[in-house]
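You will see two complexes here that share chain A, one where it goes with chain B and one where it goes with chain C.
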Partner chain A sequence: MLKFVARRLGVMVLTALALTFVVFYLTNLPPNLEKLARTEGSVRMTDQAVASWIENNGHGGSVFGRYAQWLGIAPGWVLTDDKGVTRGRCIQNNQDPATAATYCGVLQGEWGFSTVFKKPVLESVLQKLGSTGWLMMWVMIVMVPVSLIMGVLSGMREGSRLDRSLSIVAIATTATPEYVSGVILVAIFASATAGISPILHDWGWISGKTLFLGTATSAMDNITFWNFALPVLTIALYGIGYIARMTRASMTEVMTQQYIRTARLKGVRFRTVVMRHALRNALIAPFTVIMLQFPWLLNGVVITEALFNYKGFGWTLVQAAGNNDIDLLLGCSVVAVLVVLVTQLISDIGYVFLNPRIRLA
Partner chain B sequence: MTDTTWDPSKPILEIENLSISFFTRMREIPAVMDFSCTVMAGEAMGLVGESGCGKSTVALAVMRDLGKNGRIVGGSIKFKGRDLTHMNDEELRHIRGSEIAMIYQEPMASLNPAMKIGAQLAEVPMIHQGMSKDEAWALARQIVADVRLPDPDRMLQSYPHQLSGGQQQRIVIAMALMSKPALLILDEPTTALDVTVEAGIVDLVKDLGHKYGTSMLFISHNLGLILDVCDRLCVMYSGEAVETGNVVEVFDKMRHPYTQALFRSIPLPGADKNSHPLVAIPGNFPLPHERPKGCNFGPRCDYFQDGRCNAADVPMFPVPGDDRHATRCIKWTEIDWDAPMALKASKEKTPIGKVVLKMEDLKKYYSVSSGAFGSGTAKVVKANETLSFEAREGETLAIVGESGCGKSTFAKVLMGLETATSGSILLFDENVQSTPIQQRNTDTVSSVQMVFQNPFDTLNPSMNVGRQIIRALEIFKQGGSDEERHARMLELLDLVKLPRAFAERMPRQLSGGQKQRVGIARAFAGGAKVVVADEPVSALDVSVQAAVTDLLMDIQRENKTTLLFISHDLSIVRYLSDRVMVMYLGHVVEMGTTDQVFQPPYHPYTEALLSAVPIADTKVIRKRIVLDGDIPSAMNPPPGCPFQTRCRWKSQVPGGLCDREMPPVQVLEGGHQVKCHLSAEVLASMEPVIKIAAE
Partner chain C sequence: MDQTTLLSWGQIIARIVQQFLPVWIALIVTFAVSIRYKRKLGLYGKLFDSPVGMIGFALVMFWVYTAIFADMIITMDPIAQFGRVKNPPPGTPLVDVKDGQYAYFLLGADHLARDVFSRVVMGARRVLTIAPAATTFAFIMGVTLGLPAGYFGGKLDTVLSFLANLVLAFPVILLFYLLVTPEIRNTNIPVVLAAVLFIFPVIFLTVLFNSRFFTNPPKRNLYVGITLVIGLWAYLGLAFNKDPLGVWSMDPNLLNVFVSVVFVNSPTVFRIVRGIVMDLKARDYVAAGQTRGESAWYIMLWEILPNARGPLIVDFCLRIGYTTILLGTLGFFGLGVSPESPDWGSTIDDGRKLLSLYLHPAITPALALMSLVLGLNLLADGLREESLKD
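Moving on to the complex of A and B:
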């Protein structure tokens, strides 16, 4: 088991290196750097000036060398210009070059400086990740139990009326994109002019103008049911249908297995057949899918965060990409890669506990 | 939970005029019609018939588990005097598993892969007797010991996949016995197992039946097994019981033409491909919605009389004088049952020609890594060890052994699907041992062909039969034009005795036997000289088996083909082969002519194998030798003789030689080879396993 985890961690590190290099390469393509030079320097710079700006700010040289610097395994660049001012990757403003560190990359915790938010990348990424983390957690708390129960209920008696109705719900929710379901939810529950809020207000059941809040900005400081329910529901609805369908397929297959017949003919109650004999076998496939939902949530919340004006990870990613904030983009990608790899590791280990036929060596 | 009102002298199970239908969108398909049978306390009732005759449907009807589409449309099933057909789910639940238990065909599939054995066993008394968990586990431990499994504590903590097939089946039996049921239903309990394992399971079932006084409903297609296990039997054909009675009476004095035809189509000792060929039942099994009027067996019956047999439904006629013997034949009093069967023209023995295939010291090792994720030290599986033999033109060489003995690996190496690790294969004086099939030339490929075990999977489901054969002809570069190939394809259909119209049919429209014929036609498309038949009939019903074996023999006679017949079924091997090679764990343990191998002296493994095969003849007396344990893993073979762990003769060899040294090949009289340490005197003192009692 330990050996397996160690080997998987090794593979993870290699994968992380490969993936971050790809992102690094793409964000550091020459046109991007040129754009960076013009935004940082002056829009009316000559091509020559642009080239020297790139060279003077450490963006010259081979992409491998720059990647190694960013990673922190090669010494950061140091340049002394005509005026005798020494600047470098690791040298802060007004710092004496002699006291600066030689290495300053991701490994040393130096994730660079965000040009959009005007503060260190690590700080802003972690902060936004925290916000999105809350969103993800609530989505999972709502989505996983609901979808599994729906899937198991509809899969245990294939073709029954319950199965058909739950399947319709599952297909409908998963066929509705978040930007549609979000708008519908807002219109019904969080509009002062449409949906149920005006009626409730007229009856005097609610004191405010709307039942739920249409924006989740306040949730960044203080999460309440009223400001957080709609974004959570918007994301969860989509996933519920998807996981429920997967669980149903897995469950119907398990219910036709011979060992289920054995259990039934042992005189086991139908409920117990489902709970004790079918459930564990039926959860093997959906478990992998649920673990895949984490990376999807991390990057897929963009639309919902924008819709409800919730400044989380997805929103940060949009800002970074829109403003050519290279360091921030790279920081986001490092976080995304880590989340993907860690959840996959958990998924592989959990798989072993669900399925005794798989052994880890 | 014994019903106090039930009188033990009354039948445990009484099925009366039971009719079961399956309902599809198109029509109602009757699966079982007017079926009656009675099982008394402590009695073992056999249900025999070919696939599709409705025997499993009857079993599931007793359990009331016919699925969504099946329904009992008439008759009654009385268990201890109570009608099961009118019970609700709650009442049924109390009977299932506690009073009626079932044992299934595929043990692996019928155990929950994600639950420990102990939990699956303990569940039964916890549900039915309300036993505490500790008590239930203790009982489970005791029953596991009862079914003669080693190390019961470890067994209870294992998951099903950690056990071998035979062990799994013992667990399923243990599960059925957990609450001491009054009736045990066994649905082909040993079909998926090897013969030596089967013998152990059959012994166990018989002993436990006596010990607990359990009645049994034993479903099987194997008449020999029925003779071994059952007191009474019921022969089914196309959804009806056609004959029922005491096992010995039915076997010796059958009174239904189908039963008679069935016995004539199975290879009993004494049958011989040349002088006493098997008689296959002509025609095909009727589909459930195409059953003829009157007697279902009419169209295939030798005694058919138009206007009588097909006039009206035939009732069961009791046979007076016998013990509850009855037959569903309108003419049973008129048929001369003792008349010897019309002998088919006996055929000339094919002359055996020159050597076409020669193997010397062939070895095939696989290296496998043991860990699920590729770690651990690489282990070597010795699938074939020093195989040497030769096969001649027109000869049938049978290769016999249980699963895992390396017989299929050998076939793969010969075909070129795998290359040999060392040694040589000479095919028509050409070395082919290290030439994979992609690099063999068309001639070699077309002259060595294979007939596969499962005809259901080997035909392309989306291509018609004619097209598949023509494709083979194209690959083998036969015929100059499409017309020629088409003509040749029709000839091939004639060769395998299929109507020419079948060229247009799709594989799904064919029965198993017909598909296997197409497989044979395809194999012979390039004029194959050597045909490897890997269990070609084991997936087929007995009556079809006879026809397909006959066909293979006929083609062999015509084309002087060398047939390598891989099988685990010794009856059929005895019937058709000239020479036999017995394999165990990759080693050839015995080789000789059929007579030499089937008569003493035997290799100890051959002896056990022969004694394990059930024979459907009341006159045959068999010595029971039940092997202990399972076949050792080829990954970790025992030191010395591969068979030493299970050999009952081991004590006859002085000095523990078997534990240390690989036995040498002893060449006995007439070129009979035995790989054993036993001295010539001991070998000579062996008694035959099978004796035919004097009439």
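Moving on to the complex of A and C:
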């Protein structure tokens, strides 16, 4: 078991290095650096000035060297210009170059400075991650039980009418990406001109113009049912169908096993068979699926936060990418890659733990 | 504007049904012929035994025919602006109608007074040309790499699987933001990626024909020759935009989108193919082929691949739907498409900014995209059920 975990961890570190390098390479492409030079310096810089700005701000040299500096395994760049002022990656403004650290990369906790938010990257990313954490928590609270119940109910009697109708619902939700379900949900529940809100308003059941709020900006400070239900539902809906179908497949397979038939022939009630004998075995596969949903949820989070204007991690990623904020984009990528890899690891290890049939040397 | 001149919903629906006339005729003909001869049509014919599959097929074919007959269905130019009124509701008549012009915005118009109905219909054409093509390329790449990885195993499998997992661990949305930017077109990355991706169909077909017909050189030379001439000709045009005759070319924007979508999809196909091959390579017919002394590629392409077609066809349907969703996501973030392009993702993005006031510009493309993907998913479900029956 220990050897298995160690090997998985090794592959994970290798993957993380490869992925962060790809992101570093793509964000530090020459056109991006030129754009950065023009926004940081001046728009009317000559091509020569741009080249020297790039060189003087530590963006010159090989991409591998800069990646190592960014990671914190190579000494940060130090340059002394014509006026005798020494600047460097690790030297803050007005700091004596002699006292500055040699290494300052992601590993040392120096994630750089965001040009959009005018704040250190680590601080802004952590703060936004907190907001997204709330969103994810509610998504999980809604998505996991609903999809498992749907899957178990349709899988326990394959081909029944209940199974057919639940399967159609599951297929329909997987066909509805977040940007479609978000628009439809807003149309039904949060539009002043269509859906159910005007009717409820006419009847005097709601005091405001709409039943739910169409934006989740107010949920940044104060989460209520009315401002948070739609974004949570938007993300959860897309995942529900997929997990439910996986659970159904797993459940139908378990229900054909010998031990289930034995239990039924023994005279155990159907309900008890499902609850005691089938459920535990049927839930192994969905566990992996749920863990592997995290990277996919990231997609949904970005779309939903953009749609409902909720200023979390996904919104930050869009801002960083849209404004050529290289350090912030790199920070977001590190977090995203870590989330994906850690959930993959948990799903692998959890699968081994849950499934007694897998024995590892 | 005078409220009384608005069309009622009944009139709007009647006019839309009338506009779609070519689609209805094509659908009825397709279904009549297919149901008449369904016993002779293999898996496709069996689809017509399953109600779910039939509904899915009808939805998909509705959009396919809409894309084909789009020019006959649209009522106005999808990118032209009509009048100065912003966001007119469905059924609004045009202010000054010229001769031969359609007199109403059937489903309203957007904030630039462009007809929503025509844009959605034209959008179907865009979506249904890119999504199946991108999925096909992803499949060819996944199959070409997945077959040897599963069949030979060992180091090759370790390396390819690591690369596939690498791409799979990459958050899709981040990849899009990095790959589909205007800046990246100034570098050679899209061209390099395209050069890698587009060579796979040529390799695939060459190996496919060579492994089968190498005992019959005249036939082999003919097939491989045709593949190489047409394949490399198209390859030069599509990947490098250097086609000497100028027949094959691809807009750099579109190339970027296409390459990213193929890149995201192919690792999953690779994993599916690899899994199936590992399962099938222990079968007797594979052992028989090996004993006969057939080459490894012959066994992979002509023995294993045809037997793996069931799950692959099902996944192909699902994947076209997923690709449609990905293309919509790209459009939704305004990545890689021109602003006036009528594709559904960007139309939804345009409409969502005014969503609380005007629903119609966003909801129509949203429902269109949903119905197409739903159709593909139902079709896949029907195919899976029918292919499991034998």
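What we mean here is this: the second predicted complex is superposed on the first by the 348 of 361 C-alpha atoms of A that agree within 3 Å, B and C clash if a C-alpha of one lies under 4 Å from a C-alpha of the other, contacts with A are read in each partner's own complex, and residues count from 1 in each chain.
One rule holds for everything that comes next: a residue touches a chain if its C-beta (ideal position, glycine included) is under 8 Å from a C-beta of that chain, and two chains touch if they have at least 3 such contacts.
Computed from a predicted structure; not experimentally measured.
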item	value
Partner chain(s) touched by A:44 [first = chain B, second = chain C, both, neither]	neither
Chain B versus chain C as contact partner of A:265, first or second or both or neither	first
Which superposed partner A:354 touches (first chain B, second chain C, both, neither)	first
First, second, both or neither for A:174, with chain B first and chain C second	second
Residue contacts on chain A - larger count, chain B or chain C	C
Contacts of A:118 with chain B and chain C, given as first, second, both or neither	neither
Chain B versus chain C as contact partner of A:161, first or second or both or neither	neither
Which of chain B and chain C A:7 touches, first, second, both or neither	first
Chain B versus chain C as contact partner of A:83, first or second or both or neither	neither
Overlap of the chain B and chain C footprints on chain A, listed as residue numbers	none
Contact footprint of chain B on chain A as seen in their complex	3-4, 7, 159, 257-259, 261-269, 272, 276-277, 280-281, 354-361
Chain C - residues contacting chain A, complex	52, 162, 165-166, 169-174, 177-179, 181, 183-184, 186-187, 189, 321, 325, 328-329, 332-333, 345, 348-349, 351-352, 355-359, 362-363, 366-367, 369-370, 373-374, 376-378, 381
Residues on chain B engaged by chain A in the complex (per definition of touch)	63, 65, 68, 93-98, 101-102, 104, 106, 109-115, 123-124, 127-128, 159, 161, 172, 175, 370-376
Interfacial residue positions of chain A with respect to chain C in the complex	11, 14-15, 18-19, 22-23, 26-27, 29-32, 35, 167-168, 171-172, 174-177, 179-180, 182-184, 186-187, 190-194, 210, 214, 295, 298-299, 302-303, 306-307, 314, 317-318, 321, 329, 332-333, 336-337, 340-341, 344
